[in-house]
């Protein structure tokens, strides 16, 4: 009996401690938590854009501590599914919305605004110990990654196909260990789009439903860190990630130059900004229009996102800033949507 | 067990010297034991080397900062609060239910087929992998009961962990109750007490140390679980809880210490590896404390019949 | 037994002695009612555990059946497990689980039983008292910590350096990690079984001039065989259900081709479930990929249930002997 009372007292004390902790767990000095809070913003979508949105959320939280913000990064495709069902307020995207997704949104009555926020360059990478590969053309990329490459376990297997698609080929006979994003990732779709996989595949008589896909037999992961680790783990590895992750990856991996027809170009802030890097792409956020009216916190969040401080997060996250005219276009689009 | 007289006698009779085969065998067994322990030592050593350096550098700010995408600012405060809130649910839900079920099975239940079925069922549930409980939580708490729980919230996570821990609580409480000698119960009946009165005033207090130890150990188990929480929607990104009411907080986003270890282990920046190690240090310290408390309680209050 | 004469007070004690006496003996009706209520409450609590079991099966079955109905059954036998592409090759994940579990048991069985024999037959009681809690601490390590350790130490130092693997994510690294987690479980149950063997059996063996080693191997272990087998099956069940080590260290989170190479990445049943959850966990269950989560969960539940029932049988045999 005494023990039970003791246990109950401990449990009661623990509960009180927890309630106190929960009430004061954010930086709200006045401790007022019984009124309904300042609203909430739910951001999901691309793991590429996630670092940018996370930084914006942290800065926003510093000046608006009473708003609940959640930022997630399951992948652009998965994010759009949630967004078009109205479950998220903002969808980060590393590629534009697809027609099928737009149709879903329309079917569910979700109206959105597309806002371009930054630039990225998809960076193809290999191990730093792989001296044989320094520059690849789009044809080479097709021969290594494309739908016809299923079963190629050595770089040399891709030589014939590379020559056919106008690439340089001449790959060494070494194990081809690929680690790259999977289909839930916007980077996957953007890669297919920018390299032009579909056209090359169709020209090579690949059936239409497989033309816009990559080979299925590689180590795929939605987590960019896992991809980098996979590339580090083998001496003759191959993969691709967003530029920010490539840049922060350390010295055991190296970036491969891409030849889009006018020479080998290394991805860097400058070559992405001026468009000379062939695999440059835009980064977007999609905002749910109807929630702008009903959720004032969302409006102030996106307002903050597009301020100089907010957009500085793009560079801080190691991506490339939009040129000034595109920033203005984004701001105009937002002003129109939030009016 | 020391060397037997047979060994000594035989050795003296044969003047053979040492039994090499026996020593080799014993050596191999000791090696097996040491390898198992060796892995533990290497694991703890590895984690400590990376984690302590970071903890020394960041100090308590690591414990009080919220999660952030910048490694220099990231901390485990939200994870700690989340874990504690989840444990609150486990304590409030699983313990009373589990102990009550154990009392029924040990004190009230006749040996019918139905009751044997319950016992077998509880044992099987204890062996189900934790991720299956996550599926159950996803189907029931996150989807079917989302009005009450707020979807992927602390309530869902806590109730999922409570169900996971329930069979273990039932089993350990049953064993503690079974260890109470029958004489105590019979003495109570002998003076005219009803079954409930005997249980309440004699059996439960006598079994309390064992029950307490078992429940604290199952709490430690729930504390370290990650897989079910991932399925039930613990946040793996960055989040801030704002200033909603307590109910809104319980229905809102959360994370836990093991979940944040999982999240950070997958982030690209190298500093996050050190942060992961530091978070693991915090996790292990808390687990050791809870386990140690359970063992201390057992040693202090244990009664030998 | 003598026939109790009917109608006397011996037939129903207190019934005919005095009408009020039976009421007195039975006691206060309020007390009796409270007793009944309390007993009913306890029974409800116990029955709740059945509800949990039923709920698990029902929720898994419902979604799993709807999954099987929505996909062409051909897709259960394809080149690999790529749920987002509609390829749900079951043998990929089954073999993945098999490989990781076998590697784990190859590690856990000798280490666990060896440690158990040592602790039970050779160690002094003081040694046993200090070492056993340390071994139990190993069992308490959360699997996510072991997963991180498998990725950051086991994989580079053991799999890549010693065994010559060339991928940082491998089923071998995950298997070794799971094996380390399972070892204390095997050791603990096997040691309990051997400790329970009566001393008289050992003394009889020594009386016949057998050595310690002979006694341990020829007498004690066979006597404890049910417990040892139970420990191995429980360990296997735990290895099959282990998720986080595989999710972190075995790679292949987006899917995997059918492979039996333990030195490469691979997908187990639990890893497949974790991968599906971190992708579209909040999607409202309409996509086949999401529903496959429940299908795999059902398979896993079935497997561990069978293993647990078998181990139950052995545990009961072990307990029944002594």
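To keep things simple, chains are lettered A, B and C as they appear, and every chain counts its residues starting from 1.
In this text, a contact is a pair of C-beta atoms (placed from the backbone, for glycine too) under 8 Å apart; a residue touches a chain by one contact, two chains touch by 3 or more.
Keep in mind the model is a prediction, meaning the values are calculated, not measured.
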{"item": "Farthest chain (mean CA position) relative to chain C", "value": "A"}
{"item": "Interface ranked first by C-beta contact pairs", "value": "B-C"}
{"item": "Averaged-CA centre spacing for the pair chain B and chain A, given as whole angstrom", "value": "36"}
{"item": "Separation of chain B from chain C, taking each centre as the mean of its C-alpha atoms, in whole Å", "value": "15"}
{"item": "Chain centre separation in whole Å, for chain C relative to chain A (CA means)", "value": "39"}
{"item": "Multi-partner residues of chain A (each touching 2 or more other chains)", "value": "223, 226"}
{"item": "Interface hub residues of chain C, defined as touching at least two other chains", "value": "151, 278, 281-282, 284"}
{"item": "Chain B residues counted as touching two or more neighbouring chains", "value": "236, 266"}
{"item": "Chain C-facing residues of chain A, complex", "value": "74-75, 78, 81-82, 85, 87, 175, 177, 181-184, 213, 216-217, 219-223, 226, 229-230, 232-235"}
{"item": "Touching residues (chain side chain B, partner chain C) in the complex", "value": "1, 3-4, 6-7, 10, 19, 21-22, 25-26, 28-33, 35-37, 39-40, 42-43, 46-47, 97, 100-101, 103-105, 107-109, 115, 117-118, 120-125, 127-136, 138-140, 143, 151-152, 163, 166-167, 170, 192, 194-196, 220-221, 223-227, 230-231, 233, 236, 258, 261-262, 265-266, 273, 276-277, 280, 283-284, 287-288, 291, 295"}
{"item": "Chain C residues within the chain A interface of the complex", "value": "79-80, 82, 84-85, 87, 151, 160, 166-169, 251-257, 265, 278-284, 287"}
{"item": "For the chain A and chain B complex, residues of the former touching the latter", "value": "1-4, 7, 11, 14-15, 17-19, 21-23, 25-26, 28, 32-40, 50-51, 54-55, 57-58, 61, 65-73, 223-226, 228, 245, 248-250, 317"}
{"item": "In the complex with chain B, residue positions of chain C that touch it", "value": "27, 31-32, 34-35, 38-39, 41-43, 45-50, 52-53, 55-56, 59-60, 62-63, 110-115, 117-119, 121-122, 131, 133-135, 137-138, 140-149, 151-153, 180, 183-184, 187, 202, 206-207, 209-213, 234, 237, 240-244, 247-248, 270, 273-274, 277-278, 281-282, 284-285, 293-294, 297, 300-301, 304-305, 307-309, 311-312"}
